[in-house]
Amino acid sequence: MSSTAILLLHCPDTQGIISEITRFITDNHGNIIDLDQYVDHIDNMFFMRLEWQLDGFLIAREKIADVIETLYAQRYQMTFDLYFSDEPPRMAIFVSKMSHCLYDLLARYRAGEWNVEIPCIVSNHEDLRFIAEQFDIPYYVWSINKDHSNKAEVEKAELELLREMRVSFIVLARYMQIISDELISAYPHNIINIHHSFLPAFIGAKPYHQAFERGVKIIGATSHYITADLDAGPIIEQDVVRITHRDTPESLVLKGRDLEKIVLSRAVTKHIERKILTYHNKTIIFN
Amino acid sequence: MSSTAILLLHCPDTQGIISEITRFITDNHGNIIDLDQYVDHIDNMFFMRLEWQLDGFLIAREKIADVIETLYAQRYQMTFDLYFSDEPPRMAIFVSKMSHCLYDLLARYRAGEWNVEIPCIVSNHEDLRFIAEQFDIPYYVWSINKDHSNKAEVEKAELELLREMRVSFIVLARYMQIISDELISAYPHNIINIHHSFLPAFIGAKPYHQAFERGVKIIGATSHYITADLDAGPIIEQDVVRITHRDTPESLVLKGRDLEKIVLSRAVTKHIERKILTYHNKTIIFN
Amino acid sequence: MSSTAILLLHCPDTQGIISEITRFITDNHGNIIDLDQYVDHIDNMFFMRLEWQLDGFLIAREKIADVIETLYAQRYQMTFDLYFSDEPPRMAIFVSKMSHCLYDLLARYRAGEWNVEIPCIVSNHEDLRFIAEQFDIPYYVWSINKDHSNKAEVEKAELELLREMRVSFIVLARYMQIISDELISAYPHNIINIHHSFLPAFIGAKPYHQAFERGVKIIGATSHYITADLDAGPIIEQDVVRITHRDTPESLVLKGRDLEKIVLSRAVTKHIERKILTYHNKTIIFN
Amino acid sequence: MSSTAILLLHCPDTQGIISEITRFITDNHGNIIDLDQYVDHIDNMFFMRLEWQLDGFLIAREKIADVIETLYAQRYQMTFDLYFSDEPPRMAIFVSKMSHCLYDLLARYRAGEWNVEIPCIVSNHEDLRFIAEQFDIPYYVWSINKDHSNKAEVEKAELELLREMRVSFIVLARYMQIISDELISAYPHNIINIHHSFLPAFIGAKPYHQAFERGVKIIGATSHYITADLDAGPIIEQDVVRITHRDTPESLVLKGRDLEKIVLSRAVTKHIERKILTYHNKTIIFN
């Protein structure tokens, strides 16, 4: 299959945008293979994801962004991102001590489910190095002092590594550390976390214990982009599972693991496929 | 809110269709409020649902179909349907003896959930007349002989009623009779049935008993358009519910009722909203 | 089918309780048709639901509670309730202006799904009187002043009515008034509410709007017993439905209606079947 | 935690069985930590799972089965199995070329989710040897000729291996070969398969393609015990996921993988926990 260009954009809604953009692609011999659009009638905003084949497209790939900027972005107050399917994103995985999400991510990667590269795994503990070695992926450990006295220093080293590895987004696979604002602002809407509750219920620590205490009949997991506000970033995906009075905090942890794996991997899939647009602390998820 | 026009179309996929159609609407001062499209890359078919406001649209509503036919339909080998939001569909409900789906449909109707009119309820039994009377809707009964000797005659009378009442589609709300090909061909893809199994599992009679015998752990319900092929028409909506070894055929029937109601009502909602396109015995369901 | 006795009990866990209680029933010629038990190993509490046929049982029904009290309750520090299947509970429904839950409850009642009696519907508005009349159930209205100045008086009148009607439990079918502590304490763990969110997320007013604002991907509904603590009583049942960025607060309200109906009716079913035990602000729900 | 004994039994239902068995355990100083029972009122059969602590139990573990046989089994026409929690089952995994289920099983095993031992992985292809090596588990390959001419011989070798490894049950993790009756009868109700459809829909080959052709709106996966009847053995667990018209056979395969993993692992969990009783081609799954 030919390489494709993927355009994600949003701007205030006006008549004729779809028509104009699709005509632009078509006139330049681009074959549109996917178009998904959405109008937020409350904020009067227009959102679109457009994917077309590069084969035979009259504009050179390195010029496309420029042309869109010149022709449309300013006129329509448009914010846009442009990606190419043959330039896969580079994903770093951050872990602490729990293996389930890491195994799930790496098994998918190894099976070729995703168009992605994983140059490194980062941790604050040695515990999961053996998994990185099983999959032959470099594993970097910086332990963080209990008093967090070296946290700034550690994050600086991590940032350097991420840049060196040309990492484009980060997956926190049950990484049990707060991410600093500096790292967040280096990867805006590019750090995916999995929180083990149905947000906004049970924000913060030990959500399964909170769920047990409250006596809920369903537990959930939530994947979201990290923002400066703890557990309050744009939600990408959620799912739930039924529980009963027979469940203990321990069995909730076990059931939750399966949720966490699937919810995190669905979010990562959408991110890799460039199907997520964030706006006003929410996500638009294209099909 | 202003009245809208809704265009549902499909045709072989070629470059530029979206661009051309949306420009046509825009150039004639139609404000597009919803566009959903889908390309079937296996059959190379293009499907679109387009909704725009009629206020200020330059083409008179009675001319629109003509213009689309002339400008696009032939050129693109396009099949299309055009609807107007201020001309709600007229729905007939067929029932036998079970009340749950009928109550659910009428409660939604009375609460104003749907842009629809219900001119009549048709049955082969007197049992549910009291519900029709509760809701002040005409109730017509034609009983069908056990040997079906009068079936053709009954269906003829029913068809006459449907025409007189200008019925546009029929909902079989647990109507326990086979619909004849004649009635089906009078309402192609406009008769919605609810089958009480997860089709294609347990086709035919007593699906809950079949499910019990097989020992499945989940039961389902399926709403579909009726075609000449029993339980094999295009599926509109399905849903399931978990069961256990503790369930009996009787408890399955009870659990199934709730499924049937919700699955049927979701299908009816999509039909009323003109969000279903049928193609090759499948449905495209727009958002 | 013969009438049955249903025993719901809990007590500190000790060896031999099941054995002793079941022997007691068996020795007195009671045929046990259902036994479900559960041990909370954290609190070391034992919970049991036992149902047996009264036909041929050697102890007269009016003596059974006494005998259990004497033989077991004190010895085991046991709390228990005894019900008879031929003495159906009497349910009052409180409503305000929304019809969907009321229709759903009454349709089930009329279809004979439940072993229950509904002697009255209570409201603070006239709006739904027509439904009560459709189903021939007495409808009582006490409007509550905006400043709530007559609320105490109204609740007094309601309590009188409930007593006169020998109401055993109350269902708040989207009743938009806070229930006072006095009424709650007259019906402890016998007032079932439906809250239109996945508690404990979005406590309080306008949960669908809160859910929209937060950008969640799933919404829920929760049925629970009313306690003095707003939206914090023991949860009976919850369910959820997936939503997308395309949903508006209005479409959430519509999708939520279907959830509210099913979640409320499941809770009412369990309550009528005497399958709920409350303990420490949680529910044990037997199969 | 102390070791436990687990008793799974079924027999024709008579009064007093629960009482008698629990008294037997209690009288011999066994502390019952879990009891789950179920009466099939259609077949009049009684089913029970009983778990008690062996610490302080007066009967030596090697005598327990004998005593139960003598005291109860004959009298009540009882079929029973007895297990000890400190004698974990030994599980062989059979695979072909797809890695997702194998990774999921091994990741759970390595994370200590299960009380199980995995002495070997068996395959008809070399493809997944690298995973076995990642996890340090012996991997045995017998390739089967296209004409199946060596199949009997291969199964003989496999059976020998299974005996030598003292394998107690087999998991077919997308193993693409029909299991012969001989192997099935060596492991009755101890071979767990994952079928990639919602059985009994889409029995046989390429179920995702069948599902695509039929246009269903939900796909499923089913784990079941293998019997001589293809895809017709007792169902242990099923689950489903929603699909849309946008899905292709390829995307169904991808979505299905996640279902297969979770459905297979839930079945394996229940089997390891000795919570499954089979009867009349159905399973009773205890909580």
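Order of writing sets the chain letters: A, B, C and D. Residues in each chain are counted from 1.
In the analysis below, a residue touches a chain if its C-beta (ideal position, glycine included) is under 8 Å from a C-beta of that chain, and two chains touch if they have at least 3 such contacts.
Since the model is a prediction, treat every value here as computed from it, not as a measurement.
Each chain's centre was taken as the mean of its CA atoms, and the one lying most distant from chain A is C. Comparing chain pairs B-C and A-C by the number of C-beta pairs in contact, the larger count belongs to A-C. Per-chain CA centroids place chain A at a distance of 42 Å from chain C. Here the spacing of chain B and chain C, counted between their Cα centres, is 36 Å.
The set of chain A residues that touch two or more partner chains comprises 41, 244, 246. Contacts from chain D toward chain C in the complex involve residues 15-16, 18-19, 22-23, 26, 31-35, 37, 39, 41, 242. The part of chain B that touches chain C in the complex is made up of residues 98-100, 103-104, 107-108, 110-111, 113, 134-135, 244, 246, 254, 257-258, 262, 265, 287.
Only residues 38, 40-42, 198-202, 214-218, 220, 234-240, 244-246, 248, 281-285 of chain A touch chain C when the two sit together in their complex.
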